[in-house]
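When the chains are written out, they are named A, B, C and D in that same order, and each has its own residue count from 1.
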Amino acid sequence: MKNTAVLLLSCPDRKGLVAAIANFLLAHEANILHADQHQDAELGLFLMRVEWDLHGFLLPPADFPEMFAPIAEKYQMTWRLAESAHKPRMAIFASRFDHCLADLLYRYQSGELHCEIPIIISNHEHARRLANAYGVPYQHVELTRDTKYEVEQMQLSMLSDRDVDFIVLARYMQVLSPHFTACYPQRIINIHHSFLPAFHGAKPYHRAFERGVKLIGATSHYVTDALDEGPIIEQDVTRISHRDTLEDLVQKGADLEKIVLSRAVRWHIDNRVLVYANKTVVFD
Amino acid sequence: MKNTAVLLLSCPDRKGLVAAIANFLLAHEANILHADQHQDAELGLFLMRVEWDLHGFLLPPADFPEMFAPIAEKYQMTWRLAESAHKPRMAIFASRFDHCLADLLYRYQSGELHCEIPIIISNHEHARRLANAYGVPYQHVELTRDTKYEVEQMQLSMLSDRDVDFIVLARYMQVLSPHFTACYPQRIINIHHSFLPAFHGAKPYHRAFERGVKLIGATSHYVTDALDEGPIIEQDVTRISHRDTLEDLVQKGADLEKIVLSRAVRWHIDNRVLVYANKTVVFD
Amino acid sequence: MKNTAVLLLSCPDRKGLVAAIANFLLAHEANILHADQHQDAELGLFLMRVEWDLHGFLLPPADFPEMFAPIAEKYQMTWRLAESAHKPRMAIFASRFDHCLADLLYRYQSGELHCEIPIIISNHEHARRLANAYGVPYQHVELTRDTKYEVEQMQLSMLSDRDVDFIVLARYMQVLSPHFTACYPQRIINIHHSFLPAFHGAKPYHRAFERGVKLIGATSHYVTDALDEGPIIEQDVTRISHRDTLEDLVQKGADLEKIVLSRAVRWHIDNRVLVYANKTVVFD
Amino acid sequence: MKNTAVLLLSCPDRKGLVAAIANFLLAHEANILHADQHQDAELGLFLMRVEWDLHGFLLPPADFPEMFAPIAEKYQMTWRLAESAHKPRMAIFASRFDHCLADLLYRYQSGELHCEIPIIISNHEHARRLANAYGVPYQHVELTRDTKYEVEQMQLSMLSDRDVDFIVLARYMQVLSPHFTACYPQRIINIHHSFLPAFHGAKPYHRAFERGVKLIGATSHYVTDALDEGPIIEQDVTRISHRDTLEDLVQKGADLEKIVLSRAVRWHIDNRVLVYANKTVVFD
């Protein structure tokens, strides 16, 4: 079982940054396992992910913030520290199509997704049996246009009661209100069944079919107030031809959606994603 | 040197179609080399491409239309016959970026593109040396907003003088007028540097960079009056990451553009493309 | 629920073939939904798949063989007829890694795989719970080097008792004996975790890691006596980099294996695969 | 025109490495533009690429080795320093197929490949016209089995006379002798027309066609004594089907070869490639 810390930070780019961080970690005997950085020359930004072994590290994580504060302040850093021993708590929202849900559950059970799943919330009943097989709690929450506000309040309190860290919309077919999304900034991951920005909004496979594109795609992104316009975490495409019917697109697309969403979720859990300027850096 | 005929046709789908065509060809001793068909169930359409050896075929191509007319009429077919011995005459329009032009010229010289190139028209002078190396005539035609009408008239007469069959816009940065495009329906092939319909219009790489997409694309399509909305012949994408600058996108995109455009041109030349409902069938 | 017939055939290529088949089907009022053919010029072979609606077709499937015999004989055809209403019976063999098994079960339950699964045979116990959730019978069959012959005999009688049509080796880690494979010619589908013929045999991910390849692959093929050398049905690859550890390869590969195997299984079930010259034609 | 320095190094992994390098660069006022590192946990290796602006850097490159020596010694580093202002001198060896040659020449002329090309050596005459169009010297060198030794000696002195830094085998169909390859260790880049290690050796497209693979590939690697077994720099694949003839494979493969080889060459020129354990790290 690995026991590491990950530091994710961003700040204005300037000389001495890497030396300052490296010297700080060395002073506390950090054994660095991975380090990756990115500089956005246009915006003058520096972004970094560094992971080190907590075995032999002399600074208790609880004391990290206080000790790191002078450096963070000097370089105007936005930062966060995560420990691999802590499993984040993920809620899954689902609707009628359950292929992404089934895929996430299998990856969770196999240990690929290093998280807890305290709750699945669905506006359909049918996936309960699958959830049970994986031992994950399942809540069926009906939703109509008139009850949206009340239902969201109930959902939020369910999430809060279970200390949920982030939410995955696994082909959840309801649009969340701005109030809801504001409660989990950069912590709601959606899968959209097109290569965004193409075919944002409703019925992307229908529109792809109609337009006669030669590839279809899927996009996983953080949810913001602007529909389908949040920072993209991952995308992929697959080839189609004139022989593919609309049903074929839906089926081929389902495989894409599973792969793309599961990558985004894994990277989020592994603290590999940094958001800036409505884009993501995914440290690999 | 192969000597074959290709029949491309589309018509309302109904029983007996394949038998009628197969019997007609058999009656004249056609040795069929390839046959491919497609049925669009939704639109009730039947589309077919059949290629046969002209060696041993008893019907002179000149007599084909008259002999085939009764079948074509009975089944309300739209059809055309092409002979591989006939090399279509392709004009290339180019501007400042000449990577697609250079790529097409190499493929032409190597025999991959089975066509003649009677003329390159460019609003820049610099690619003349390359054109000369390949022995292809090069016309520099200046163009300003005010002279657009006159210039297009001149271009059209250049094309007409040289019996041009179809036009390839190899990153030609001028929008053609509806009058011009109407002269070559389904015979002008463009390359757009995005995965359409995403980023149609101007500066697609800039916008892709700004949006933070994880893949960039290129699309080759027939030109219609509606900008970037004609029938798509081919598309492809390549992966990018946060490490790629705008310049990297342009460079990676250039390789895509060459591949995608050259495929579309080859398929057009080989009579593999049928247009219907603003889509293409590409017989392979 | 669709009710169609699929005719798959291969024979020496010669004039009049398409006409003969088309006329036969027309004579019995077949409404052809899809037809696809392939000619191998080098081997002088003609291969065809044609699918038609059984509604309105005047020939009862039971009478098809007798009526079609004269044509089949005249053209020396190897052929088979399948009806979409008949669901083939698939057995799954599995071992410790159960990602392909879980994937197939989900696709079965969702209706993507149009088959019955009368039995899962595994030399491990742990996937029973998953099988139960999908309502599929699960047999745990221990196997040692010494008992291989007896175990295979037992497995064969289990398959025979359940009228199994074909077998999928879903990362089954035992090599089948020639006697076993001879019982199901072109009816055992394996997934090998490399891009064959690279890294055939044992431990392909280890060897790919050691060789420093930049892509890893997966290959689904029919099992023959020659290990990993049967006709390839489908392959795909994914990109890796120096940052990927051996564990990353295994994880990325697992996603490939699921996709590649499930495509091969679906195509087999849908009667899209024809084998010749140790290759496959996959009609799309 | 950018004026930067690139430091590439590898050494046993240990604490304090990053701090030591960062402090050294900071002490001389380096403005770091990119830094990337890789740790091979299994081999206990640390590898790094760091690029900084030479504008404002206080240490003249000529003095770098002496000043950096104490750090390099302490950490047992293997390292090299490259300046972007220096254009490496690339020789191209070609044979009958000239698509890779034409591609490299275009990329050279367009500025994508930041190098000089003092010489093309070919055992065929026909590409001279193309070389002339790009203003690159072309040497036709005949070669027979009996004259191999003498010819290689002549080639080596041609390269030496022109201060060639590295050699690109652009579908050069002769196997170089161990003596020759020893003269340019990790400085001869080959393109092999298969997805290595599949189909190493002769006639890979023929063998791919015969085996019935569903994807074909191309591999660029450094040349070593062991044929087709040197460190892989880049690979890619493209999909084929039963419809593709051997000629189609050759044609589709040619596009792959161009892309894969040109990437490898660009990365080599940009000092992005580090070799260890017969693998490459390609810093991006």
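Rule of thumb we're sticking to: a residue touches a chain if its C-beta (ideal position, glycine included) is under 8 Å from a C-beta of that chain, and two chains touch if they have at least 3 such contacts.
None of the values given here were measured: they were computed from a predicted structure.
At the interface between subunit C and subunit D, two copies of one sequence, more than half of the residue numbers in use appear on both sides, so the contact is built from largely the same positions.
Distance from the centre of subunit B peaks at A, each centre being the average of the chain's Cα atoms.
Subunit B and subunit D have centres, each the mean of its CA atoms, that are 36 Å apart.
Centre-to-centre separation of subunit C and subunit D, using mean CA positions: 42 Å. Residues of subunit A in contact with two or more other chains: 41, 241, 243. Within the complex formed with subunit D, the residues of subunit B that make contact are 99, 102-103, 106, 110, 112, 129-130, 132-133, 241, 243, 251, 255, 259, 262, 284. Listed in rising order, the residues of subunit D touching subunit C in the complex are 38, 41, 195-199, 211-215, 217, 231-232, 234-237, 241-243, 245, 277-282.
Contact residues of subunit C toward subunit B in the complex are 15-16, 18-19, 22-23, 25-26, 29-37, 39, 41, 239.
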